[in-house]
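Next come two complexes built around chain A: one with chain B, the other with chain C.
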Partner chain A sequence: MCNNIDVIISNMAAPVSGMGEAPAERLPINSTSFQKKTRSKLVSIPGTRPSVQNGQLLVSTGVTSLDYLLGGGLAVGTVLLIEEDRYDSYSRMILKYFLAEGVVCRHELFVATAQDNPDDILQELPAPILDDVAVPKAVEQPRLTGEPQDSLDAMKIAWRYQHLPKVQSALASSSRFGHYYDVSKTMEAEIRQAAKCHRFCLPDHVTPSSTAHRLESYSALLKSLQEVIHREGFDLAAPMSKSRNILRVGLHSLGSALWGDDLCCHDKPRHRHALTTFLYGLRALLRSSLSVAVVTLPSHLIQDRALMGSITRLCDNAIALESFKGSERETNPLYKDYHGLLYVRQVPHLNCLASQLPDHKDLAFKLKRKQFSIEPYKYLGAFGCEEARRRSKRKQL
Partner chain B sequence: MLSELLQGIETGGLLIIQDSCSYSGRDLLRSFIAAALNREEEVHVLCFDVSEDELTDGLKPPATQRLHVHNAYPDPLGWTDHPAFAVQQFRLEDLTDLVKQASQPKPATLVIDSLSWVLRHAAPPAVCRTLQQLRKGGAVRAVVALLHADMHQRGTVGSVCHLASSLVAVAPGPKGNEAVAKITKRSKSGKVAQDEETFCITEDLTVAVLSRPSSLPEAKPNGSEEEQADPTANLTFNLRLSESELEAKQKLTLPFVFSKEKKTALLHPGPGSGRILYEPDANDDYDQEDPDDDLDV
Partner chain C sequence: MFTELNSILSSSPDSVTPGEFILVSDRQSDASFLIHHFLSFYLRSRCKVIFLGLVQSFRHYSAVSQRLGVSLTQAKEKGQLVFMEGLKESLSVLIPQADNTESQAMNFLRDPPVGLRSLYEFVRSCAVGSGRAEDGAEEWGPPVLLVDDVSVLLSLGVDAGAVLDFSHYCRAAVCSQMKGNMVMLVRCNGEEEEEEDGEEGAEALLKGLTHQCSLNLHVQGLPTGYCKDIHGQVEVCWKRRQGDGPHTQRNLFQYKVHDKGASFFPRGTSSAVL
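For the complex of A and B:
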């Protein structure tokens, strides 16, 4: 705790964040309270900001490290494809972060599932950690009864710095654009019900008939989405009269067998064009409206790699998650700090010639209680940190 | 974990036993049937692979009153005029009618032997949809199915197992009648538990779990803290503190230790981040309108 004193002193103008318990990590803070005066004619929508690279309007995905990887955030009008991990635990978590961020920023939501009810996903949204300066926490006296390590909340020597947050080692943008969520708690019902949410549950919309040759599920979904966009005024063609808002679209597990196509079932599927046509139509719909979509896909079931390649090309941003659960990597000591690996498959170049790829190609993620952190995976060699240092020192001699 | 699964599957659960030609999972399936019957549950069995006698061999009479076998073995594709059950009837409406006809109020457990037969003759997406609807609907409490993994493409097996809430993959064990089961259990909240056990099945269809292999991954975050090297070990001088020394160290008052009230006052200064404490001194009495302020009167 006391080894970050220099950094903390330089950030003394930060707002104090009071939290109920002693977390292991704290929030990153603004370096200054300086606000730039903008003279742009852009309509300012809450929860968005213009990109510093190409001026696109960005929204946060809910995961700050992911925002950093995607170049600051998700551009409005684009699609993020998440290739699911084997048991769909972490991809579902990122979808929930995305929807929770929409609730906190007061955007509207559209959730479509084939397997579960959309309400199941909505009820599992993580609770946001809200800064509350007006709630000071009483300082605890450090315990004298033989406890070797003081709790983080009661520093004996550097007690002036108790309430200041620690420096983050994970990737993060410098400004406070996204929010943080506590995974162990679910979002309270009042906050969740304040957000307007449109649901699409496949069994309600499509009555399965065995004689149907063409797939109706994707076209029904596209029609429903188009109708919502038009009715609620997210179209860019609509007159810019009242305040605009963003529609966040979350599509869970597209391409799985429950949507009716056999992409995941056969090596040479018959319905290869159903999902690709849908993604093409989805992207066209999003480009002409103020919406952003996150699509999860069980890519580990799709055997045709060429099809997977064309699906990736049809989405703007694409990441793939590989969790260590169940694989032989789980017991590998090199990976003991992380829950899985993350691959950035594609980053878009919108209105520019070249895209901003992340610096590090080897990324690993870890789901902590208050943060989903994505870090460059530090490969320490076969012997670990100490041995490597000793060996390099010997070489220097 | 195998014994927990035998004691009961949660409502709305789908258990898939995945086997191959090197070890048949049918005995394990029959022990699941026996366990469900012993728990006083209604069990409906769709029998495709083997004959009814072979499947119910070893099940005792008082329990078999609650067992309803829909025998599709003689005529699975409905070539005769009156099949008992045909593959085409593997649909939500027909299965719900079948289960409700037994006219018991409690929801039943549906056992399918085997799902591979159905997957050969019906489209996998339709089978997946039927299984999902069976889980959500009220007529059937839980579904247990046997799947021969080497009979289908990897994508088909993967899609069906993706739906499962529990998956037991059996393989031949080290000794003759033993087998190894790899169990994966997924909960609604996304947590996944995995286990690997060796078991064997006795004559009266009870499962004896023999041993747990030692290669269990323990990915607990607390464990990593203990594995860090202890810097106070292997030194020529003593860096550790005894209990009395620790107490004395904590009792020591540090030079800039303030009282609790002063600490809280300094930590929570109020709306302004800095307070300027100013006591006006004599020079501040200067009054602009009275130029004779410097006269000492």
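For the complex of A and C:
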């Protein structure tokens, strides 16, 4: 009986003569998506790579600096919690990066919102920068001769670049881990529609004014997610009848009052455990399937710090964003290079004893047009950034 | 199994003191590495281990135990280890389906205020079952109950009082009746001085369990701040009843967790400093 996912994938190549008898080919039910690196066989799901530390399967969040903070990427089967900034601008941006990365890697998406239509988020996905995707192979082929269909396209001067894929077709061969996006443009509809997307809009499932709303919105979401996982074959225990893929789950503004929760409204909410029970069930679902989730939560509305602690512990990765918008720091020269601060609340240690703690605890982020950069915050002294730069330039001379 | 911790606790796999309730607690830190230690320790001392893994999958514990030199899959097959995977069992309760034939241990999720009786019954049936020697089965030592972790039960809506009752019943059954041991992990999030109402449950649970236990390993971050080479400090507190009355003994160590174990050293003697 095989427990390793690399053996699952390698078994796909084997003849499927035994598929008629289902039990013989099934995985044991207690297998999960964490795999130890036992052999050097790599998993062939596009858009994933094994971690160098412990062989876990990782996917990119769409933000390469965030991937680095999380230890190379987001492990399949885990949850990333993003504590929203006050106006939900940057947390929503990271959620969009995550979903856009799923589209580019041909993963399936599952988006859930409480009030807005999930399509609103999907239509705002940033456009991928596709000419970055070309794999820089050493091209030593000679100029093309004897291939009539290429004679019109054959380059005469830049013939070394002949074999690099053209801009639009790069999407098909996206074996690179982590892409860059241009936030000033939205993803074209044809690229977006190529990805399979499952939507969950809460008003469709539970009427907002009903008494059931308060307690059942989370269980409806959990049930819907489980149905999608079973139906589309993301279960680890599912028979290997088709190629495996990753399901990217994006849950927007969980814990807000729109989900029927009163965590954000009262100091002592009556149903404090509704969200935490949901997160527990979410962890159970993710550990037993090939999926990964990003959850945004308006933590600034939750008064109970102890509850935030329990919520953070139930998610594997957790970061918090604090943007400078609207605060006095927006015009403070010390912070003018950045858009906000980023706190790493939790990094998991899965399948190993020690976690990879980040080197720096003070991190700041900046959303540039082609990159969301996260870097250690450099305090440049009382004179601020410009003065320090001038002084260091003088020293260089 | 961390050899340095064994010498600190004066324990070895060959001679296990019966009837101990070891509480592993942490405050704004992560003490789960100690659970892995105790799991491999009791498996090596050939006790029957009942593990309630409520927060992680079996695969996680199995991978870490492999690095510590113990195979959980083999122990399960031989019948030495009974592993209850809370995450897996909970799904059938949280998302009710037509055919839920799973065990009743996680039934408390359906109606948390009712309490943890079904979980206790599960533990008791596993512990008592070890007494019967089946044909061809190996004889294992006294039962040991390991729970990782108890604080997640509070997040799932169970009352702190119900959790304390559960631990008391388990202690009576496992430690007193069957002369086994018990190890529980409880996690706290707030500062010790703050008395927030929201934290009532977790603080009350921690205090209650500390009162019940015979040995407490309390893990905290360094009071001086974050350090990459020293991951935190462990306070070891015995509550043994010596001949001359109740006697508490406390020791403070700093620790660092590696890939294959953890090293413990007295304050200020970290290899990074010396």
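Worth a mention:
We take it that the second predicted complex is superposed on the first by the 287 of 397 C-alpha atoms of A that agree within 3 Å, B and C clash if a C-alpha of one lies under 4 Å from a C-alpha of the other, contacts with A are read in each partner's own complex, and residues count from 1 in each chain.
In this section, a residue touches a chain if its C-beta (ideal position, glycine included) is under 8 Å from a C-beta of that chain, and two chains touch if they have at least 3 such contacts.
Note that the coordinates shown come from a computational prediction; the quantities given were computed from them, not determined experimentally.
By the touch criterion stated above, A:Q226 is placed in contact with chain C alone, chain B being left untouched. Within the superposed three-chain model, A:H300 lies in touch with chain B and out of touch with chain C [touch as defined at top]. Of the two partner chains placed around the shared chain by superposition, chain C is the only one that A:G281 touches, whereas chain B remains out of contact. In the superposition on chain A, A:C201 contacts neither chain B nor chain C. Of the two partner chains, chain B is the only one that A:Q162 touches; chain C does not reach it. Once the two complexes are overlaid on chain A, the chain A residues touched by chain B in the first and by chain C in the second are 267. Those residues of chain B whose C-beta lies close enough to touch chain A in the complex are 123-126, 128-129, 132-133, 136, 153-156, 158-160, 162-163, 184, 186, 188-192, 194, 215, 217, 219, 224, 229, 243, 246-247, 250-251, 254, 257, 260, 263-264, 266-268, 273.
For chain A in complex with chain B, the residues that touch the partner chain are 13, 87-89, 92-93, 115, 120, 124, 136, 138-139, 141-142, 144, 146, 148, 156-157, 159-160, 162-163, 203, 208, 210, 256-262, 264-267, 298, 300-303, 324-326, 330-331, 336-337, 386. Across the complex, chain C is touched by residues 3, 29-32, 34-36, 54, 219, 222-223, 226, 267-268, 272-273, 276-277, 280-281, 283-285, 287-288, 304-307, 309-310, 313-314, 349-355, 357, 359, 361 of chain A. Residues 30, 33, 36, 55-60, 63-64, 66-67, 85, 87-88, 90-91, 94-95, 109, 112, 151-152, 154-157, 187, 189-190, 196-199, 202, 226, 228, 231, 257-262 of chain C are the ones that touch chain A when the two sit in their complex.
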